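Labels A, B, C, D, E, F, G and H are assigned to the chains in the order they are written; within every chain, residues are numbered from 1.
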Amino acid sequence: MKKLDEILLKLERGEISAAEARGELSDISFADITHTKVDLDRRLRTGCGEVIYGAGKTVGQILEIAETLLKNESDVLATRLSEEAMESIKLAYPDAIINATARTASVRASRGKLPLLKGKIALLSAGTSDMPVAEEARVCAEFFGSKVECFYDCGVAGLHRLTSKIDEIRKARVVIAVAGMEGALASVVAGLVKVPVIAVPTSVGYGANFCGLAALLAMLNSCANGVSVVNIDNGFGAAYSAHLINVSSHG
Amino acid sequence: MKKLDEILLKLERGEISAAEARGELSDISFADITHTKVDLDRRLRTGCGEVIYGAGKTVGQILEIAETLLKNESDVLATRLSEEAMESIKLAYPDAIINATARTASVRASRGKLPLLKGKIALLSAGTSDMPVAEEARVCAEFFGSKVECFYDCGVAGLHRLTSKIDEIRKARVVIAVAGMEGALASVVAGLVKVPVIAVPTSVGYGANFCGLAALLAMLNSCANGVSVVNIDNGFGAAYSAHLINVSSHG
Amino acid sequence: MKKLDEILLKLERGEISAAEARGELSDISFADITHTKVDLDRRLRTGCGEVIYGAGKTVGQILEIAETLLKNESDVLATRLSEEAMESIKLAYPDAIINATARTASVRASRGKLPLLKGKIALLSAGTSDMPVAEEARVCAEFFGSKVECFYDCGVAGLHRLTSKIDEIRKARVVIAVAGMEGALASVVAGLVKVPVIAVPTSVGYGANFCGLAALLAMLNSCANGVSVVNIDNGFGAAYSAHLINVSSHG
Amino acid sequence: MKKLDEILLKLERGEISAAEARGELSDISFADITHTKVDLDRRLRTGCGEVIYGAGKTVGQILEIAETLLKNESDVLATRLSEEAMESIKLAYPDAIINATARTASVRASRGKLPLLKGKIALLSAGTSDMPVAEEARVCAEFFGSKVECFYDCGVAGLHRLTSKIDEIRKARVVIAVAGMEGALASVVAGLVKVPVIAVPTSVGYGANFCGLAALLAMLNSCANGVSVVNIDNGFGAAYSAHLINVSSHG
Amino acid sequence: MKKLDEILLKLERGEISAAEARGELSDISFADITHTKVDLDRRLRTGCGEVIYGAGKTVGQILEIAETLLKNESDVLATRLSEEAMESIKLAYPDAIINATARTASVRASRGKLPLLKGKIALLSAGTSDMPVAEEARVCAEFFGSKVECFYDCGVAGLHRLTSKIDEIRKARVVIAVAGMEGALASVVAGLVKVPVIAVPTSVGYGANFCGLAALLAMLNSCANGVSVVNIDNGFGAAYSAHLINVSSHG
Amino acid sequence: MKKLDEILLKLERGEISAAEARGELSDISFADITHTKVDLDRRLRTGCGEVIYGAGKTVGQILEIAETLLKNESDVLATRLSEEAMESIKLAYPDAIINATARTASVRASRGKLPLLKGKIALLSAGTSDMPVAEEARVCAEFFGSKVECFYDCGVAGLHRLTSKIDEIRKARVVIAVAGMEGALASVVAGLVKVPVIAVPTSVGYGANFCGLAALLAMLNSCANGVSVVNIDNGFGAAYSAHLINVSSHG
Amino acid sequence: MKKLDEILLKLERGEISAAEARGELSDISFADITHTKVDLDRRLRTGCGEVIYGAGKTVGQILEIAETLLKNESDVLATRLSEEAMESIKLAYPDAIINATARTASVRASRGKLPLLKGKIALLSAGTSDMPVAEEARVCAEFFGSKVECFYDCGVAGLHRLTSKIDEIRKARVVIAVAGMEGALASVVAGLVKVPVIAVPTSVGYGANFCGLAALLAMLNSCANGVSVVNIDNGFGAAYSAHLINVSSHG
Amino acid sequence: MKKLDEILLKLERGEISAAEARGELSDISFADITHTKVDLDRRLRTGCGEVIYGAGKTVGQILEIAETLLKNESDVLATRLSEEAMESIKLAYPDAIINATARTASVRASRGKLPLLKGKIALLSAGTSDMPVAEEARVCAEFFGSKVECFYDCGVAGLHRLTSKIDEIRKARVVIAVAGMEGALASVVAGLVKVPVIAVPTSVGYGANFCGLAALLAMLNSCANGVSVVNIDNGFGAAYSAHLINVSSHG
C-alpha cells in the first residue's frame, strides 16, 4: 500500500484533489484486460508477484495475462497447464522454461539471474507417484528464489530411507513434506526436526484415500508439532509458504 | 455345524423324522430369552463364545444374558458397560473381574485357570488418551486366552519410544496398533515387522479428527503392507482378530 | 535391522569408525535411482519384497525399478498397471507373467519354482463384477507363496452358493472376502468360520455405493467377529495380510 | 379430496358461490390451532390418520394436538416422546397406552376394538440393542391395524437364528428388517423370501457406524432384490409402509 | 427351499444317504460357470428369476450367463448394458428386446406371452432428464409381469402437472416416484395417495446434488408417510419392490 | 464509507495532516472494548446495525456490547441466547423484549416506535417443530422494520394447508420458507409465487437428516426457480436477506 | 392460478359442469409432448417462462421443447448445452443467440426488443476461471430483462480490485457474487453494500475444494449478513433470484 | 539425536559394548511412567519441550506427567484441561499460571524469566466467540518465548476493523488468523501481508459450519497465497508453527 501513502501525500501537499485521489486508486495497481484484472501491485504488497493458475483458463487468456505481466516487467510463472497451453507458451516465448511433470511454465522479464537465498528448503516426498506435486513445489520455490534440496521416495514404509538423510534435512530452514496415502511422512519428519513443516497431501492411493482426503485429515491431525497443511496436490501453495519462511529466516 | 450332522445322521438312521429334524434345528443352538437369542453354538462354530455388547442394552437384559450363558457353561465377557452395569454385575457375581478403564466385566463359568497360548500379541498405543481402547483390547485378548504385552504411548512424534522397543515387538505373532489423531503408528510399525498388524483407529484428537475418521482413513491407506483395520475405538474387534491369528500360529 | 547390528558389531571391533558407521547406514539398504529409493532390505525386514504400485508412475519408472530389483536378485511384482505398462514389461521380460484382469505383472529373479506353503487361503468374492479385485488378491498371494482356493460369485443374495461350499472354506487358514454393494459377505462368512477374515470392499454398485464407501463401512461394522478390513479395491493389501497370517500358521 | 368434489357439486347446484367454495376449502380439512394445522383429512386422503411426531414439540403443543384429534374423532398416536410427555399424556388420558421402550403413546377416540387385518407383518431385528426402533415399528403397525410377528435378535453373526425361523417369516405379507452395524440382515432375508422387505437402519454400533450411515448405505446397496429403505431409526416409517402393503394384499 | 425339503424327504425314506444329501445341496440350485454361479433356484425362492447386472461384466460373461439361464428355461433380463453389450446380445438373440434409453435387453425362454397382473404400477418422473432411470424401471416391471402407467415430467415446480393426473395415479396399487434435484416429488405424491410409494433418487442436477445424494437424503426424510427408498438411479430395484407389492395385492 | 470521504475532504482542505487522517480511520467507526470491536458504522454501510450473535460469548461480553451499542444510540438485537443471558439482559434492561422460543432479546435505544415498511414478508414453516427457527426469523425481521405474516405448519404432507393460503402468500414481497426433514416446502412454494424465496433448512428430523444436511441440499437443488438458501437453522440470516429485499421493493 | 378462478366462475355461472371443470384443469396449462410436459402457465404463475435445462436431455428433446414453447409464443432459453445441442439449435433457429462460454442458447418468440428494467444487477466474479458460471448468470439475467454490470476477477487476494469498484457496485439493486476456492468474495462484498447478495459457489480450485463444497459451505456461513446462496455453478439460479429482486425494486 | 552420536562415540572409544549401546538408547530419552512415556529429549530434537494434551487423560495422569517433567527440569504446559484438572494443578503447584478461557496451565521448572524473542507474532481473530481458541494460541506462543500482539474481533464483515490495523500487523514475522464461520479472514489478511499466515479454523457458527469444516475447507482453499492451516480449534498447533517461524527469523 506504498502507493496509497503516495497518493495521500500528494493530496496533503495539494497536488491532487480528493476526487482525483479516489480516481488514482482504481488505476495504479492492476491492469484490467476484460476477463482478468492483473494484480501488478502484488509483489510489493505480499512479497511475490501474481502467478497464473492455468486450470479453467483458455490458452488465449493465459497468453494475454503473461503478456501483460511481462510488459509491466513482472516475471511470469504459470501452473496447472494443459499440454496445449505449455506448447503455446513455448511457441510465444522460446525462452520459457517448461516442466512437463510439474505442468508449469516460467518466463523471466529480465535476463539477469536471480540471486538465490542462502537458506534452503528440504523437499521430501513419500513415493514416486507423488512426483508431479513435488516437482510443482520445487519449480515454484526456485522461481521465487529459494534453494531446494529434494529427498524423494522416502515414505515411512521404509523408515531408514528417511532417517539416513535426516542430518541433511535438518540443515534446511523449512521442510515441505509431500505424501499421499496415509500421509504419515509429515508427522514422522516433524518429530525429528526443529523447523516448520509444510505438509502437502496428495491424491495418490487406493479407494478410501478419497482423492487425498485421507492424507489431508492425517496431516491436520499430526501428533507431532510444527506441521501446517496446504490444499491437496497444492505443491505451489506449499512452495509459497515455505519460501516466505525461508525469506523470513534471512530477515 | 456339528449338530446339523448329528441330526442328519439320526434322520438317516430313522431315529427321527424329517419334521423332527426341522424342529431340532431351532432348539439346539441358541436360547431364546425373548429380547435376545443367546448363541450357545458360537464357540464351536467360530472359536470364541458370544460376547455381550453392553451399549444399548438395559442392565436387566445384560444380567439375563450373562445368567443364560453361565447356565450353559459359557464364560461371560461384557464390553461397553455403563457404570451402573458394572456395579450390577459385580453385585450379582462377586467373582466378576471389572476393568473400569476398559469398561468391561468378565465371569468364568468354571473356576479352573485357562491355559494361555504360547505366542503373544504386541499391543501398541500411540498416546495416553488411547488407553481405554487399548485396555479393552488387552482385557478381551487375555479373556480369549492370548498373552498380551503392552507398549503404551509410543506414537511417532517421538519415534525412539517405538524403535527402542522394536526387538520385543518383533517377538509377537501379531501386532495391535491403537492410535488416534493421524494414526501413523500403524504404518510405521508395519514397516518394521514381519507379522500382521491389526490397526485400531481411536476417536482421540482435535476437530478435524472427525470422531476417528482421520485415523481410520489413514490406517486404511497405510503405505506399509500387512495392515488391516477394525472399527473406530473397537478394541474388542482387534483383540478378536489378533487372537484368531495367534491361535492360528499354534496350529 | 540385521544390518544395523552388523555395523554396530564392526564398530565395536574397531573395524570401522563412528563416522563410517553413519555412512554405511545410507548405502546398504536401498538403491537410489533418483525418482525412487528401491527398498532392498524390505524382505528381510517385513517378510515380503517391495512390490511396484504402478498407478501414477510412468512406464519408464516402472521398468527402471523392475530392473533394479532384478539386479539385486529380488523378484518383481507390479500392480495397477496400464495396458501400456503391461505390454512394455512383456516386451522387456518375455518371461513375465501378465494377468490382464488383475492388471498385474510378475518376473522371477531366479528360475526355480517357489515352494508353496501348506496352509491355504480361501478367496471368496460376492459377484462376477468383483473379479478384477479378487484376481489381484489371488495373483499377489500366490506370488508371495500361498496356496489360494477361489470361491467366486457367492454373495448373500443366494446364500446356498456360500453354505454349500462352507466345508471347503473352513479348511483354510484365513479367508479373504471380496464384496461390493453392501458387503454383507464378510459378516456372513465370519459367522461361520474359526479363522480370521480379511475383508476387501469393492467399488462395484449403484450410486449410493459411493465408490465403495458403503461396503467399506459395512465391513468395518461387521456384527460377526474376526473381520478386519483393507482399503477399497485393495486386493493386493488383502493378499499381503492373509499371506502373513498363513505364514504365521506354519511357524 | 372427496370434499373438493362435494364443494364443486354444491357449487354446480348453485348452493354456494365460487367465493364461498374458496372459503370452504380452507376450513374443512384441517384445524388451525396457531402453532399447528391438524390435518383432519389425512385418513381419507392417505389411509392413515395424522400421527404426532413428538420430537421438537413442547408437551403443551402435543396435548393440544391430541385433544384436537380426539375432538374430531381421530385416534391419537404420538412417537418420539420424552419421559415428561409420556407422563403428561398418561395423566390427561388414563386410557392411553404408553410404551416406554418405543417412546410412544396412543389414545383411541372410540372404545371399540379395531379389527386386525388377516395378513401379517414379520418384524425382524438384528440385535437386542435395536429393540427401541423395532418396538416403535411394532406399536405403530399394530395401531394402524396390522398383525405383527416379532423375530428379535436374529442378526447374521449367527445365521441359524434366522434360518430356523424362515418358514414362519415366509408366511408374512411383508417383512420389516431392523438392523444397525452393517445391516446385512436386510440383504440376507431378502434373498430368502418372496415378499417386499422394508429395511430400517439403526444407529447402533461402534464409531464408523456414523450414527447409522453404515447400515443405511448397506441397505440401499442390498445385492438381494426387493429391499426398500426408510430413514435411520425410523420404526414408524417402516410400520407405515409395511402396513400399506399389508392393506394392499387384502384389496 | 422346496428342494431342501425334497432331499430331507428322500433321506427320511432311505432313498439317499446323509452324505448324498449334502452333495445334492451343492448341485441342484445353481450352475457354476467358473466366473459366475447362476442362481437357478431364485424364482422359486424369491418370486423373480436372476437378473444380469451388466456393469463390470465383460460381454463374454454376460452372454454365457444368458445362455445358461435360457438353457435352464429361465427368461433373461440384463440391465446397465454398454452399447457393445446391447449389440452383441441382439446379434446372439435376434428376438431380444433392446431398450437403448434404459440400457436393458430381455430374451424370453418361451414364446408364449406372459399374462399381466391386473393391478398397475403408477410410474412418475420429475423431469425429462430422469427418463433413463424411469425407463429402466418400466422395462423391468413389465418384464416381471406388472402393468405400468407412466406419468413423466411432473415435478413439483409445476404442481398442476401432477395434480391434474392424481385421479389416474390413485388407481394404482403402488407408486414409483423417480426424481433428481431435491426429490420433492416423492413427498408430495405420498401426501396425496393411499398406496406405498417407492422413491428412486436420480443423479440429475447441479453441483450440490452430489451425484444423487441430495435427492436420496430428501426422500429418506420425507415428511409424508408411506415412502421407502431404493438406491440412486436404481430403476431396477424400484421395479422389483413395486412388482412384489403389486403381486401381493393379488394374493 | 461516508466518513472516509469526510476525512479525505478535511485532508484536502488542510484541516488535518495525512498522518492524522490515518489515525482517524482507526477511531471513528468501531468501539474497541478489548474482546470486541463494536461496529458502529455498520448501519450506514450495510443498512442494518450490528446484531449480537450470543453463541460462544459470555453473558458479561454480551452485556458490554449491548451497553456500547446503546451508548452510541444503536438499537440492540441479540440472538442465540442462553437462558442465563436472557435473564441477565431482562435484569439489566427491564424494557428488553425477550422471546424464549426464538432465544432473542431486543432493546431499543430510542423510545419512539419504528415505522413499519408497507410491503410484507410471508413466513412459512413446514411443521410445529420448526417453530424456534421461524420465530427467530420473525423477531429479527420485525426488529429491522418489516411486516411479517406467519403461515406455520403447512408442510407438503398435507398440501391443502399451503394451497388454501396461497392467495395471501402471493401478496408478500418476499417469502421465507422454513423446513426440516426433506425441505420440499421451498420448492413447492417457489413454483407458485412470483417473488424471491429465501429457504431456511432446519435440523428437525430423523437420523439421515444429518443435522439439517438433507433439507439444506434439497433446497439448494430446488427444481423450482427463485430459491436461495441460508445456513441451517439460521432464521436470523433469512430475516436479514428478506428484509433487504423488502426494503428494495420500496425504493 | 388465474385459470382456476376462471373455471370456477364458469362453473358458478352454469356454463360448464363440475366434471367439465375437472377436465379443463388438465388441459389448459401445459403441453404434453410425451417425454415432457411443457409448462406454458409458468410465466403467469412465477413471473418467468420455463427455461430448458439441457443436461441429460437429447438434442431431439431440446428441439421439440423449444418448438412447443415458440408455438405458444414463449421465448426460449436453454442452458447447460452440449456443443452438439448448440449447433443444432443454431441450425434450426438461425436467429438464436449462442454463448459458448455460458453454454446457452436463446430464441425470441417475437422480434420486438424487450424493455430493460431500470435497476441493475452487479455481477462480481472472483477469478477468470469462474467466467463460465458468471457468463451463464449474465446471459440469463439479461434474457429475463435485467440490466447487468460485470465486475470480473476481483477476488479478495487483491482486495483493491474490489474496493476500487465499490461505488459502482453500490448502485445496483442486488449483487451476484460468483466465486470458487474459499468463496470469501461473498462475505467481503456483503459487508460493504446495503443490498441483497446472491452467492454462487463454483467448482473452481484444488483438491479440498471438493467440487465446490468449500465455497458452498463458506458462503452459507458468511459472517456478513444479507447473503443467500444457490447451488454450485448455478449461474442460472442466481440470475433468476436476482432478477426477481430487481423486478421487486420496481414494484 | 545428539545422544545417539555420544553413544556411538563411546562405542568407538571402546567405553561401552555394542550391547550396552543398544540398552542406553532405550533409557536416555524418555521416562516410562507406565501409562505414558514422557519424551524428555523432545526440546533438543524439535526445539520445544513436550506439552501435555489434557483431553482424554485423567487428572492423576496429568499430575504425574507434570511431576516427571519438572523433576527433569522441563517446564510444564498443559492444554485442553477440564475445570477439575485446572484446579488440581493450581493446588499442586500454587505458582501455576491458569488461563480459564484458554483452558491451559503452565508451571516453570526454573524461576528465571524467559528472554522473549525480538520478532513478534500477530494474532488475529474474527469474532469474540473465537476467543478461547485465540487465547490458547496466545498462551502457548508466549510460553514458548514469542512476543504476541492480539488483534481480536476483526472479521471481514467490517473490513475497516482489519485494514485500520494493517500497518501494525505488517510488522510481525508471522500472522496467526483464527476464524470460524466462513474463515475468510485468513484469505483477506494473506492478500495484505508479506509474511506466512497460519490459519486456525474454529468450530464457531451455525449448522452448515459442521463443527469447523466450513472454515477448514475455506482456509485450505485460500485464493491468497502464503496460508497454511492447522486443525480445527487447534490454537496450540498454530502457536507452535508460528513460534518456529519466529525463531527461524532470528537465525
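As a working rule, a contact is a pair of C-beta atoms (placed from the backbone, for glycine too) under 8 Å apart; a residue touches a chain by one contact, two chains touch by 3 or more.
The model shown is predicted, which means the values in this text are computed figures rather than measured ones.
Counting only chains that touch, the fewest steps needed to get from subunit A to subunit E is 2.
Subunit B and subunit F have CA centres that are 52 Å apart.
With centres defined as mean CA coordinates, subunit F is found 58 Å away from subunit C. The centroid of the Cα atoms in subunit B and the matching centroid in subunit H are 37 Å apart.
Touching of two or more other chains is recorded for residues 45, 127, 157-158, 190-192, 205-206, 208-209, 213, 216, 220-221, 224-225, 231-232, 237 of subunit D.
Pairwise chain contacts present here: A-B, A-C, A-F, A-G, A-H, B-C, B-D, B-E, B-H, C-D, C-E, C-H, D-E, D-F, D-G, E-F, E-G, F-G, F-H, G-H [touch as defined]. By the touch criterion stated above, subunit A contacts subunit C in their complex at residues 127-131, 152-154, 157-158, 160-161, 163-165, 204-209.
Within the complex formed with subunit D, the residues of subunit C that make contact are 126-127, 155-159, 180-184, 187-188, 190-192, 205-206, 208-210, 213-215, 217-225. Contacts from subunit H toward subunit B in the complex involve residues 25-26, 29-30, 34-37, 39, 41-42, 45, 50, 53, 55-57, 61, 65, 201, 203, 211-213, 216, 231-234, 237. Contacts from subunit B toward subunit E in the complex involve residues 5, 8-9, 11-12, 14, 17-18, 21-22.
Listing the residues of subunit G that touch subunit F in their complex gives 1, 45-48, 51, 166, 173-174, 190-196, 198, 216, 220-221, 224-232, 237-238, 240-241, 244-245, 248-249, 251.
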